Amino acid sequence: MLSAADVAKHNSSDSCWIIVDGQVYDVTEFLHEHPGGSAIILKYAGRDATEAYEPIHPPSALDDNLPPEKRLGKVDPLTIVKDVAKVPQPASQVQPLVKFSLSQMISLHDFEEAAQENLSKKAWAYFSSGATDQITLAMNQSVYQKVFFQPRTMVDVSSVSTKSTMLGHPVDIPIFICPTGMAKLSHPTGEVSFAKAAEAYGIMFMMSTNASSSVSDVVKARTSKPAPPCFFQLYVNRDRSKSEALVKNVTASGKFGAIVVTVDAHVAGKREADEKVKAEVVLESGITGTGTAPDAKGGGIGRAMGGYIDPSFSWADLPWVRSLSHLPLGLKGVQTVEDVIKAVKLGVELIYLSNHGGRALDTAPPALLVLLSLRKHHPWVFDRAEIYIDGGIRRGTDVVKALCLGAKAVGLGRPFLYALSYGLEGVEKAIEVLRDEVETTMQLLGVTSIDQLGPHLLNTKALEPLIPDPPILSASIRARL
Amino acid sequence: MLSAADVAKHNSSDSCWIIVDGQVYDVTEFLHEHPGGSAIILKYAGRDATEAYEPIHPPSALDDNLPPEKRLGKVDPLTIVKDVAKVPQPASQVQPLVKFSLSQMISLHDFEEAAQENLSKKAWAYFSSGATDQITLAMNQSVYQKVFFQPRTMVDVSSVSTKSTMLGHPVDIPIFICPTGMAKLSHPTGEVSFAKAAEAYGIMFMMSTNASSSVSDVVKARTSKPAPPCFFQLYVNRDRSKSEALVKNVTASGKFGAIVVTVDAHVAGKREADEKVKAEVVLESGITGTGTAPDAKGGGIGRAMGGYIDPSFSWADLPWVRSLSHLPLGLKGVQTVEDVIKAVKLGVELIYLSNHGGRALDTAPPALLVLLSLRKHHPWVFDRAEIYIDGGIRRGTDVVKALCLGAKAVGLGRPFLYALSYGLEGVEKAIEVLRDEVETTMQLLGVTSIDQLGPHLLNTKALEPLIPDPPILSASIRARL
Amino acid sequence: MLSAADVAKHNSSDSCWIIVDGQVYDVTEFLHEHPGGSAIILKYAGRDATEAYEPIHPPSALDDNLPPEKRLGKVDPLTIVKDVAKVPQPASQVQPLVKFSLSQMISLHDFEEAAQENLSKKAWAYFSSGATDQITLAMNQSVYQKVFFQPRTMVDVSSVSTKSTMLGHPVDIPIFICPTGMAKLSHPTGEVSFAKAAEAYGIMFMMSTNASSSVSDVVKARTSKPAPPCFFQLYVNRDRSKSEALVKNVTASGKFGAIVVTVDAHVAGKREADEKVKAEVVLESGITGTGTAPDAKGGGIGRAMGGYIDPSFSWADLPWVRSLSHLPLGLKGVQTVEDVIKAVKLGVELIYLSNHGGRALDTAPPALLVLLSLRKHHPWVFDRAEIYIDGGIRRGTDVVKALCLGAKAVGLGRPFLYALSYGLEGVEKAIEVLRDEVETTMQLLGVTSIDQLGPHLLNTKALEPLIPDPPILSASIRARL
Amino acid sequence: MLSAADVAKHNSSDSCWIIVDGQVYDVTEFLHEHPGGSAIILKYAGRDATEAYEPIHPPSALDDNLPPEKRLGKVDPLTIVKDVAKVPQPASQVQPLVKFSLSQMISLHDFEEAAQENLSKKAWAYFSSGATDQITLAMNQSVYQKVFFQPRTMVDVSSVSTKSTMLGHPVDIPIFICPTGMAKLSHPTGEVSFAKAAEAYGIMFMMSTNASSSVSDVVKARTSKPAPPCFFQLYVNRDRSKSEALVKNVTASGKFGAIVVTVDAHVAGKREADEKVKAEVVLESGITGTGTAPDAKGGGIGRAMGGYIDPSFSWADLPWVRSLSHLPLGLKGVQTVEDVIKAVKLGVELIYLSNHGGRALDTAPPALLVLLSLRKHHPWVFDRAEIYIDGGIRRGTDVVKALCLGAKAVGLGRPFLYALSYGLEGVEKAIEVLRDEVETTMQLLGVTSIDQLGPHLLNTKALEPLIPDPPILSASIRARL
């Protein structure tokens, strides 16, 4: 067993050891491969990095990424002296007291306002930010407000049902918790609370490859109660064998109902709010000088987290990913009618329209516009695959509008991260709020079941001028397509 | 006769007695039926609830809703000790001094600004709020501002008449006071002032089922002077026999000219400002703990008031409601061209386009857009029924625009509630302001009588792109319609 | 000769004498005819009203409006004691010091900002305000900003001329000073400065019937230097003989080139800022109690000034007004294509598109939209009459846009009233600023003379969707037209 | 050798000597020819003007503009006493400390915010301002935000290249540094830093005739490393022989790849922020009294700098300008489809769409709209000439959008001026930021090389309604064209 003093000698880029969860790792050679840059690791060189590591990595990340010989053994816990003055506060430390009581939360906007107080600055920056000028981020919400309802009156709505199905699994409401990274930045229970709340309310939870809880923690959180399975969101790893192992593990657990590959984040979007908060922290702690700053782009968590994602993943890899599991396959982040049609023709079961919450490419179109384009020009796709959608959903009215246009299920990400700042109870309250809003909307529209929803209940005239034409292509471009 | 001390023993959910207007009621079994939740009643358990009860219920509400045996008898008034420190201030207590003088009110916007000062916080929240994000609330006003006039010049406008008719009854101006609940929250004279002012100025007052004054008070307020009759707005009760009794009573009074059934509020809209003010009060008074809060949705008056409304009321019930009275029948809250046509074909005499002041379903379309759609595509309906409209009307120009497009009469709700904070004189001043604005608008348009108004005086190009197309329906949806 | 003490006895509505310019008038019977209400006169009952009277009435107004026997004779000036403490400050008293120097004024916006400081509160309210919600007022400016230029490059623009003609009279720039009331509220030289500056810079000044200077003062201000004549704006008086005398006087002076009848202000628009400032003054001076307030609408100068205007003036009166003078005839305030065509067919020489600076009917269309409608659908009218335009013009670019669409001349009102707060020099500087901007715009557009301007230099696509269709008329309305 | 005392005697408009860089000049006769007015020179009459002269003039400007006999000889440096109290601070004095560190700059917006602190007030006003109401300035940026991408997913983007060519010269990124005046106002290294950074990153720098560095300084800054040549922007001088000499000098240096004539600034735009800051300085220094102010329009640098530009330059001069150099010819500031077509037909190799950064004619259209018009209606032009564009580009997404529509290269002006406040390193960081954003955008769009970009990757529906129609022309105008 090593002592902390042994570890402390390896405190530079020449030899860099860190302690995580009582284990000592030699990360010297890994420094330059770390997606978040070496600077963040060097802050903990020769020291215990557990508090900073845990909230933003799955437990097995180090073991997965380092060769076995770099795992040097356990450290004697008695030798560790917490060096509080020098180690920066881990960003994930949850505030002990929330400013507003959960009973005051009667809308998802309330949760967002509260989260801005409840979360650390860094967590807020990471969750709330979008790419560059955040135009897509803002438009994701505003487009829903431009769609009018056409409410039918004098219909018996004394009983209403929000039940539906997702890939054949019954759900109590066709909404789901989107795959988001690092839920533990909001609350220590992290994705486990998502899994529990989804089960309790009969909705689907789609777990992210970047989850801060492990697959086994999520699996353990589920009971034997009948409930929709989780779905698993997959980022394809540059080391394909890791993805293979992961998907097989997920499939084998028996608790997941689909594998959904993200296709819109093969490179990191530029989220400047996220980059800037980290930058400030680095500068404040005075650890890196100007000349030695290893990364001139800032210090975004998002960029750091995505470093392992394979930018070469393409349509040609579809058979490979299909071969990894018997579960139905989905593609998340499809953004054009052309790609939807391509995916449908290739037999993809689930097509998830998303612009990554406005976090990938700014001025990417709101997914609602893609959905509307499909509805207007290619309604046949809705019979060939299940179309899911996320981005900007904050109200039951938003959910119902997407369902009216043909979405089979509607996802929310940030609102649940914000609600999670109240722990499991917060996530449950958020689902209740949304369920009530969906029911009320249906009743005031004059419908009593999900299958009665349709485009005849909407007036989308304000958005229709934005539906794209077939493209104007030069001959040379046309030849390449 | 009971003593206050006897009553005070029944101060819990196990046995809950309250005093209203000197009568003692056992409301233990009613607690869980109260549309506003039991918490609000429990605040007065064992005590005198008159001050909180009166402004928001018609006098007979308790007697109507409880079986006779729950009416326990009178309390000895001498035994009641006002417990000022503990009883929260009734929200309806009208401020003794208004901040701005009535002579400064020269527009309806002035009344609105003044009301924000004159009214209690709760009354303001209840009156002013709309559903969820209040998009429909805001758009109700803004759409009128997008319609241009096409004023014709060089017309002799030395005399101008605003006279018209409503269902055959002569009116001095084709405007009316909308049915709104709980006018007493604005001023103790409540709906009685509406009835008197309407008579004095020759306009119509449509009384609400949720009025805080009783039908007989309103009937008594009217003199024998020739004036347009009141109309009566009906919420259909889950207990249909109560609606039958009510309509028969209204009809028998001889002071009403139509029964107008509301069809857009079979479930309560979500008015968060309203919900939140109540929530704060509950928390402030420290009566309910976190775990025991009986209603997680907040404490909205609107939701409380609507609990008795029958969500099963449908087109199939039209013959029943028609059978209750010989008076002409209207439907309030129609929001689509399809429902207007259906109502016209079923012989409904009055079709009232409304989105409930933006208080029911957010992003429901502004009624002006429905009116414009009718004018463009189905102008024949204006010859088959009288079309009324409300929502967002604040100016004489707004009134004239709706009349130009074919509305037979134009209603205003909130502005009269705000004016009522000055009592009867306030309501009269508001009518004067509006009458002057309507007259001036007509003269500057180059018309001298209501029947000269028409769409040729408007430029509605800014709104026309929003007129909905015939819906895109899948075969399965079409089959269901 | 009367003494001030004699006059002071007649200080009530029973007997009301006032002194103006040394003359004593008995205005008792006139009190109720005064367009501005009796209250404002009663403030000066029994006293010298000269300072309040002068800036807002032409000198002969009292003699014109009272029968000769009400002119009681001169007052002995030695008997007058100025009662400074009690007489409210006349609103027209020009601030002795301006806050910004004239050399800092390099745009018309600068003049507007400065005027807000230089002018009295009441003058600012009267000049700057528009009708009700001021939507037309704001849109008058914003529509110009939605028109793009299409600048042509590589044209020799080393010399550029802004010369043009108006009704055959050469002008150095085709802009003019609009007819506005009460210029003396801005500066004691009033309209005389307008007349002088217009002459000096070779532009046209259109004098208002509501001018605060007299016709003879304006005539005297002009030299024999060649310059475009003034035009005269006429409000038709309820007493037609007064209009006849006025037009004959104007014509006989030989200094005017056209009579332009205003057709869009037969009743007063509702300018609430104007109404409210007066109200405050009345309340402040404590002269009228609540019960005796003679006018519940407020105290607007605009409404007061317009009381004599004949609301019966119509197309049938065109031959009469034509018969009063040999000068060319114009109509000011035409707002629809239909009325333009009617006027052209009746041989009117000058058609002046205007919505009265947004002061008459709110949501009347911007005149630029009417001009654009004519250009698109009825370009032949530009060959049959001269089309003038005003409303929202603040920049040389605005002027050039209107000229490109076919306007023969472009008027500005408020900017010159604001510039006048610096006296004659201010008005001259404003013309210089505008001339330079027009020249620069022409050069950057690639044109060197006014006749080269045309719609090919504009992109009006942002406004074209607002051009009205032919109206949708019911048969009964069509029959009436 | 003259003494400073000799010079000091010539300190008025009757005889005005100044010292620049140790040389004494008699500028008495030049006073009235100085484009910036005489006042600015008179401030230095009889004194050393070097500090004020240098940052805003090329070194040889005085020698070029004065006859040889006005160069009076050298001054004895020992006789010069710095008169700090009286000489105003030269506007170009770079702040010694920048407020934000360069490492915090992660977007071009960051550089803009920092520059507002780093630069002098006057430099900020000159660089940042646009013409009059700055509508074009604002729209230049906002139009890019209205174009949506249509990102294609599942493409192998593991390697991406931004390489392209400009007039046959390979470039690493098809962006360039726009020609801007007076870079030394931002940093003493001025255009030399632009030339060095452009070489280092393989992009093109277009040098302005109004550069504050000389041609030879820029030439000297370049190494022999292979890099795209500079291009030279030419303002045609009223004295054509000066332009001839300049172009021959530029051509002879061998470091330039094209001559690009500016065609949209033959007269100065009205940049009021620029005019106003100078005005304040003049007033503060108390040198000019109100009556003697030599220029009532303010004190804009922009206007001063442009005084020599020939407003008569026209299409007829194209053969002359072509004859001056064998280099390819470009036109900068083309703003209509018509002029593009004309230029293409005349064989111009490079057409540079620009509205001069919103600094010339306000409400000129954004260049992106002209590019879109060409793409929609005249795509053949892209095969006949290289189309460049600038105006409002702040993001890699903006660059890629312009490239998708057919631009061969995309210029940025202000962002590089702002980055220059950090010297050479700032400019290099700005290029890096932009390069990273372009690469990320391409990857997220699913493309790996510039030639794969095309309009099929954009949704331009929000802008298409603004594409101008063919103009409506009267016969007389048509005849003139």
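Which chain is which? They are A, B, C and D, in the order written, and residues in each are numbered from 1.
We adopt the following convention: contacts are C-beta pairs under 8 Å (C-beta built on N, C-alpha and C of every residue); 3 or more make two chains touch, one makes a residue touch a chain.
Please read these numbers as outputs of a predicted model, since none were measured by experiment.
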{"item": "Chain copies touching (subunit A, subunit B) - same or different residues, decided at half shared", "value": "different"}
{"item": "Cα superposition of subunit B on its sequence copy subunit C - rotation in ° rounded to nearest 5", "value": "90"}
{"item": "Subunit A and subunit B, separation of their C-alpha mean positions in angstrom", "value": "44"}
{"item": "Computed distance of Cα centres, subunit D from subunit B, in Å", "value": "63"}
{"item": "Shared-contact residues (touching 2 or more other chains) in subunit A", "value": "465"}
{"item": "Touching chain combinations (by label order)", "value": "A-B, A-D, B-C, C-D"}
{"item": "Residues of subunit B touching subunit A in the complex", "value": "132-133, 135, 263-264, 266-270, 272, 275-276, 279, 283, 290, 293, 296-298, 310-318, 331, 333-336, 338-339, 360-365, 369, 465-469, 471-474, 477, 480-481"}
{"item": "List of subunit B residues in touch with subunit C within their complex", "value": "101, 103-104, 106-107, 144-145, 147-158, 375-376, 379, 395, 397, 429, 432, 436-437, 440-441, 443-445, 452, 454-457, 459, 461-462, 465"}
